[in-house]
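In the two complexes that follow, chain A is the common piece, with chain B as its partner first and chain C second.
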Partner chain A sequence: MITFQINDTPVEAEPGWTVLETARHYGIEIPTLCYHEAVSPSGACRLCMVELRDGDWSKLVASCIFPVAEGIRIYTETERIDNVRRWIFEMLLAEVPASPEIREMATQYGVESTRFSVKDPDEDCMVCGLCTRACEEIVGLSAISLMSRGVHKKVGAPFSRPTEVCVACGCCVTICPTGAMRRLIESVRETPEVTLTPLAV
Partner chain B sequence: MMTGNTALQSETHRLTSWEDLHALQQQIIEAHDPNQSRIVVCHGTGCMANGSAKITRAFQEALEASNIEAKVMPGIKTTGCQGLCAHGPLVQINPQGLFYSRVKPSDVEEIIQKTIVEKKPIERLLYKDPDTGEAHHTEADIPFYKLQHRLILKNIGKIDPTDIHDKITAGGYQALAKALFTMTPEEVVAEIEKSGLRGRGGAGFPAGRKWRGALAAVKKKGGPVYVVVNGDEGDPGAFMDGSIMDGDPHAVLEGLIIGAYALGAEKGYLYVRAEYPLAIKHLDLAMQQAREYGLLGENILNTGFSFDAQINRGAGAFVCGESTALFTSIEGKPGNPRPKYVRSVEEGLWGKPTVLNNVETWANVPLIIEKGADWYSSIGVPHSTGTKVFCLVGKVKNVGLVEVPMGTSLSTIVEKIGGGVPSGKPFKAVQTGGPSGGCLPYESRDLPVDFDSLTKAGSMMGSGAMIVMDEHDCVVDVARYFLRFLEEESCGKCLPCRLGLTRMREILDNFSHGIGSEKDIEDLQSLSKAVQDGALCALGTSAPNPCLTTLKFFKDEYVAHVRDQKCPAGVCKDLITYYIDPDACTGCRTCAKQCPQECITGEKKKPHVIDADNCIRCGICMETCKFGAVLVQ
Partner chain C sequence: MNNNAKIGIFLCKCGQKIEPMVDLPVLKKSVAGVDGVACCDILPYPCLEPGLNEINQKIQELGLNRIIVAGCESRLMLKKFEQKMEANGLQKGQIDVINLRGHVAGVSDLSPKEKAEKGSKLIKASVAEMIAFTPSTRKSVSIERPPVVLGGGIASFAAAHELAQEGIDFMLSIPERDPGVILDHLCKTYPGERTHYPRLKKIIDEVLESPHTTLLQPGKLAGLAGITGDYTLSFAVPDAMTRRQYAAGTIIACLDGELVPPGPEFGYDGKTVLCQPEFEEMLYEEKIPDGHTVFWVCDYETGQPENAQLSARAAFNMGKFILQNNPKAGVVILYNEQMPLPVTAAERKFARKMGIIWVPYDKSVRPILQADFVNFGSINDHLEHELPWDQIVLSPIRKMGEKSRTAAKILGILHEDKEFLSTHHAKVRPEMVGREESYLAGSARYACDLTDALNQGRKAGKKNAEMIKKSRGGALFVPQVVCIVDTDKCVACGQCQELCDCGGIGVAELVGGGLPRVVDPMVCTGGGTCAAACPYNALTLQNNTNAQREARVAALAGQMADHEFVAYACSWAGLPAADNAGNMGLKYDPAIHILGVPCLGQLDPSIMARAFLEGAPGLLLVGCSPEDCHHSFGIDHAWSRVNLMKKLFVFCGFDRRRITLAHADMNKPEELIKTMESFAKAIKALGPIEKTPENMSKLQSIYRLVKSNSRVRLLLSAGLRRPWEHTYRGDQRCALQYEREDFISALKEEFLKSRLETVMTKEKRPFNIRELASYLTEEKKSVAEQLGELVSEGHVNVQYKEGKPLYLSVN
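And now, the complex of A and B:
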């Protein structure tokens, strides 16, 4: 077992665990958007940032991907973390205004409005990439992937054309944290022969 | 290329010992008449853009058509960047070492007649000091070169990069032979560690420690280990690595082979941006020639050590200069960085231990091996040893390629070597480290330029671009420019970078229109910190640097934009007004004729007036006025 501290409390982790896994094991809350136990972590949304401290020195690391190590000191609620999270939420409110899930999460962290201009009021995909990782790692198909670069980055099938590779398994729809994939899968399937319905919980 | 080595070329054979290498070097030197004239034309990017290829052709044609005696017939050599780009195209005449600047094809006949045949210098073509007007005959006389300490650039501008014989004459591959025949791999690593060499790519991580880390990883997890050259230099204003690769490709290659020997690598990669076709061509040629001589490939110099390398071209993404993105790109995947909590010396290319060093870092390796770590660490300052190559660009007289010992002051580089701002006034700021670096004000001119001092000042070494700014550069506009560049180049994987850079740029756009408040300036600072803390890779974490440093040193200018609706530098179009000084205006009507809006009126020979309502602030009037009568406020 590896022993270290989260918020000055000693915790124990199995070798190979990440800080996030350990924190969740102990019921310590850390918000995430691009993380899911079923696929490999990518460290993209940066909401799970935690502060790693060593004496006077400190830095923020993505807990979903940061491996635990003996004796490290981790803090999950600090001013620096709060600053990063609040700005991400405020920018997300303008980026994916059509997602109630994001709005709810932002409210939890005290962000209720945004000063930034909204590009598309119907947008609900924030390109976290969970769908593409699910398609690659769980289904093994990679029918969809992340296309383009930077602000133009989006989810889709190669050349933005419908693809026969997609088997409409719905994995991507299930894993999508905002429900955007319900809409996007229409453009991925060659001919939507099956009607996808949300899974009953 | 006419190099005079064609006779030797056919005798190419594999070198099988150090003695072989020495013998070949001797043979090439003896085959040359030291008194034979050599016309050395700079084929660096700057001179090429100014037509140096035409000059080379003109020399070739003129010589073919001439009736010069065979024994006087000069050789022509084309080289990489000779450094003083501002005065290109450059041509040097050896053995006298005459340094001709701003040469035109029409000067060729005269050079052949006067300098080659009559052995006289042509005063008109000699480099003249812009301040004193004094003519300098040779490179060594020119202050721009005199104040430099050229180690990495020693051969660049002297040797023909397409000819391995030139390199061997200059001592090429001696360090490799020394390492292979007299040192164990462990001794090579120890030597690099002792030298204090730090990575020239930007972060300045000690190269020796990186190599040691890779060795430890191989021991722990097993090989293979890869060695990789990062030649994806993409900073605006940076052309150091490009110049090294196309001016002295064998230096990079030799460093890489020595590194491979030290680390036990059998395979190496040179990742070069596709926008450097000349570097790719010259590296490719260098590798072919090195293979022919048994300096690369199977059983190098008959020692049993085998190593080969290949070139991978980038596809135009700036982010692929980031180590982990570079690896995914070589692997054939999109160039997205991954968090580096597990270092690339442990899990790099294809998840294997990998040593990735920048072009200039690799080019330092042969120097250290040849002359020793003690010699190397005596140059520079204690924690930043050796020299650093910089690109001086922007508002500076001697735009060009400069190499100085680490720790040289900013003012020595910009004012003494660079000659300062063309207007003669003090510089306003210097952006070091490209878009990821910071903006240092004139007050920092005594700052020693080394890794730690720059970081402490809020900037960074970066790859070594130095963009000099004067009073006509607006810091808001500069920060906006760099953010726009990085916004375009962000891979888009993490949210702080993808969303944050756009939003920061939007806030700066507003400032340049005079929209915003002092609260917005504070918020911009807070958002900058969030991006710095939150972004995944170095592109994102360093992207706010230009913004944060200009806010630190030039906050007044930001405030002037939002509070007073003024752009003190006279750049942001929405915040400036052009007007004519009636006392200086002669009524020549030049500006009125040029004005695309036809909004300058007045009688001939009487002071004119600009109609501010119709003016689109293009600035043509100001540029065309010979009397300095058009002013901006």
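And now, the complex of A and C:
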């Protein structure tokens, strides 16, 4: 058993647990985007940042991948973290302005507009890679993957063509935190020969 | 009886996503006391390490052997739970995940207490299933016998080579043993591949010299029986009545396709207008042509556009050979503009240097041969240009070929009447896909070139070697969810074999009268429509049985209020759509209680009947759209079963709309909401089926009929295919034609019988004909007829009182 503190409350954890898992076990909520219980964490979105204090210095760590350690002091709601989260949301609003899910979350943190330039007003994918992890780890295929590097990184099938590797199970759509996969899956799965016509309301 | 089930239920708070919406303490109280439930805990996150730790501790402390987690999507979470609890001996089927968040918490405006009640209904249904579930013991597969490579295709050598390198003794059946002769004939099936011959020769030599090789005497394949690890192969012996038999552990079938020249409409004459294989023979045997050789890649015109690139490659290789030996010759490859060029940039450069000219032609102007010239429409200027020719070489038409077809039939791998052997691309998770690539290789599987064929062979060899090594190390196990045949019940009607899409069903023995069926667990993909179709209930989908599903639907339907109903949603369309609807926060009628099922084809009609018998006012089945069923024909089979139920409802005077099939798409949750709302409205308008003794007796009769009447079940599964299809496998027939002819009348007869039985079993007293006829409001004549049949079948005893017959059920 490892004992340490979250928000000045002593908590116990087994070796191998992460800070996020321990916090959630004790009912302390930490917001996440690129994290899902079903797949391995990747620490991509930085929304789950917590402050780790040691004496008079402190640093920010991504709680979803930070393993617990004896005696550390973790704070989940401090000014510094709040500031970081708002920055992240502001950047996300510029990066994925078309995602209603992100907009809603940002509003909860008091972020309603962004000072960054919006490159593409229709973009809704924040390239967190949750869908590709789901495809690999849950389904056992890798029909989709992250393509290109840096600012050009995007999610898709090889050569951006529909692929017959995709079995259209919809795990990526279910797991996607921004709702982008609903659009993206259509360029990945082979379109069925018969498609349902949308019903009139 | 609770089947030794010790069930642990774990309710997930899921942060703010479940706890505030569902009254978890109320839910806990309502399910904790149910028979079989050993513990019920509310955990913050059962899916995270701390939660999993607690669950695993509980499993050890209380000896839990079934786990139900009420949290989120089972499609996403189940695998993690299975992996994390495997160390505690829990297997597939022993863990169930209920989507409390996506199917209950967020999708309606009910109060937390009401939502807890809805959740408890779903959990209680799962408990019922868990109690009805008997986990099978894990069975290992032993493969002691050697693998046999047969079929005579060129891939045999690649497969054999791989096995030899892995140090596994194997048997090889090939018609020809001289490498020179083998290579000489190869251009008939794989034209334009000479560059690979030296390498291939080395492989062939190595195989023939390997100490692991046992060459079988050449002979015609006559039969195959058994399953992986225990096959019996037989070959016909010329001029003898007996057959040579071999015991085999695994089979690798290497079958080559056949190439035939296109018809005279392409100008084919066998002299100056040739097909690729003949041209290659000519090239090597006689001479290199001097004049203009035009390769017409005519696959788009022969109706095989998918093979155009193969033919173009072959043409390119032959063209190279011509120019290398005779630089003065002219080589032109004429191809349809729709075909992407199958050559690399370097090869194009090379082609330019050598003088091979690629000429695309307009797809709407078909090239026409005339003496010495061929016309084609140019895509640059729309003029009809002419190419001079001395020799035209056409693409071959590729197909499986009769020889391969016969062999495939004997081996039981010919599933559908198609041009090639390969089944459709299975759109299921990798663990559910059959092992086609480990037992089948060559161009009879699908049109391919030599490299591809050899690769397939190598892959098959490798997979077999892996499997054999695993089994020898005692680490090869039968998958958990596969079909098993009860040989005592199987009457060898063969229906399942015709329906089965994975090819896992074969015959048990080579000779004998009726050949009971046997399922090869290493091939079976657990689709389960065969089990739901078996007229004699001889097939069971292990660990996912009909009894389990029936228990679950019965428990759920029994709890339904007047307007509430059950909806089955398949894992590929309905369930993901419902999950996504829950994720998106869409709202729908709380009367809908969703049950997931891997494929609607797994639903036996008895499950549908049972739902109504237990009091459900309606049953909705949401599956894929017909052409998009991930298990090929599951949705069509479900369609037939739903129609059967509808017909029976009409006989009973119930509304046919109470059971309805619907189609969904996983990415269109809004459409699913419309489907469900519409059905919910219809059911509300209809109200429940009144529970009068007469109605209950009718429902009981429907259930008895569809569950155990083998005549009805046999007729049903014979007409299961889509009515618009032209060809049917085996004894199957067009459902529509079938229905008009015999199905309805047979159904009427059998239903009357079933009703008579229900009445007589219930009251356990002798009846006379008039009494029964008036009770069932049927004509005396037909009642008498059916009673006669029941007597002759031994279900009913007849006794005479004052010269008049009295009937009494034997039960």
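By definition in this document, the second predicted complex is superposed on the first by the 191 of 201 C-alpha atoms of A that agree within 3 Å, B and C clash if a C-alpha of one lies under 4 Å from a C-alpha of the other, contacts with A are read in each partner's own complex, and residues count from 1 in each chain.
We adopt the following convention: a contact is a pair of C-beta atoms (placed from the backbone, for glycine too) under 8 Å apart; a residue touches a chain by one contact, two chains touch by 3 or more.
The structure displayed is predicted, hence computed values, not measured ones.
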- [ ] Kindly say whether there is room for both chain B and chain C on chain A in the superposition, answering fit or clash.
- [x] fit
Open item on the list: Just checking: does A:F116 make contact with chain B only, chain C only, both, or neither of them? Give me first, second, both or neither.
Closed with: first
Open item on the list: Which partner chains sit in contact with A:A44 here, chain B, chain C, both or neither? Use first/second/both/neither.
Closed with: first
Open item on the list: According to the stated criteria, A:N83 is in contact with first (chain B), second (chain C), both, or neither; which is it?
Closed with: first
Open item on the list: By the touch definition at the top of the document, which applies to A:A180: first (chain B), second (chain C), both, or neither?
Closed with: neither
Task: First (chain B), second (chain C), both or neither touched by A:A143 - done: neither
Open item on the list: With both complexes superposed on chain A, which partner does A:V68 reach: first (chain B), second (chain C), both or neither?
Closed with: neither
Open item on the list: According to the stated criteria, A:W17 is in contact with first (chain B), second (chain C), both, or neither; which is it?
Closed with: second
- [ ] From the overlay on chain A, compute the angle at chain A's CA centre subtended by chain B and chain C, rounding to the nearest 10 degrees.
- [x] 110
Task: Nearest Cα pair across chain B and chain C, whole Å - done: 18
Task: Complex contact set, residues of chain A against chain B - done: 42-47, 49, 60-62, 65-67, 80, 83-84, 86-88, 91-92, 95, 116-117, 126-127, 129, 146, 148-153
Task: Interfacial residue positions of chain C with respect to chain A in the complex - done: 15-16, 44-45, 47-51, 53, 73, 75-77, 79-80, 425-431, 571-572, 576-577, 579-580, 583-584, 625-628, 630, 663-668, 671, 674
Task: Interfacial residue positions of chain A with respect to chain C in the complex - done: 13-14, 16-18, 21-22, 24-27, 29, 36-38, 134, 137-141, 164, 167-171, 173-175, 179, 182, 185-186, 192-196, 198-199, 201
- [ ] Would you mind writing out the residues of chain B in touch with chain A in their complex?
- [x] 317, 319, 334, 336, 338-339, 341-342, 487-496, 498-500, 502-503, 506, 526-527, 529-531, 533-536
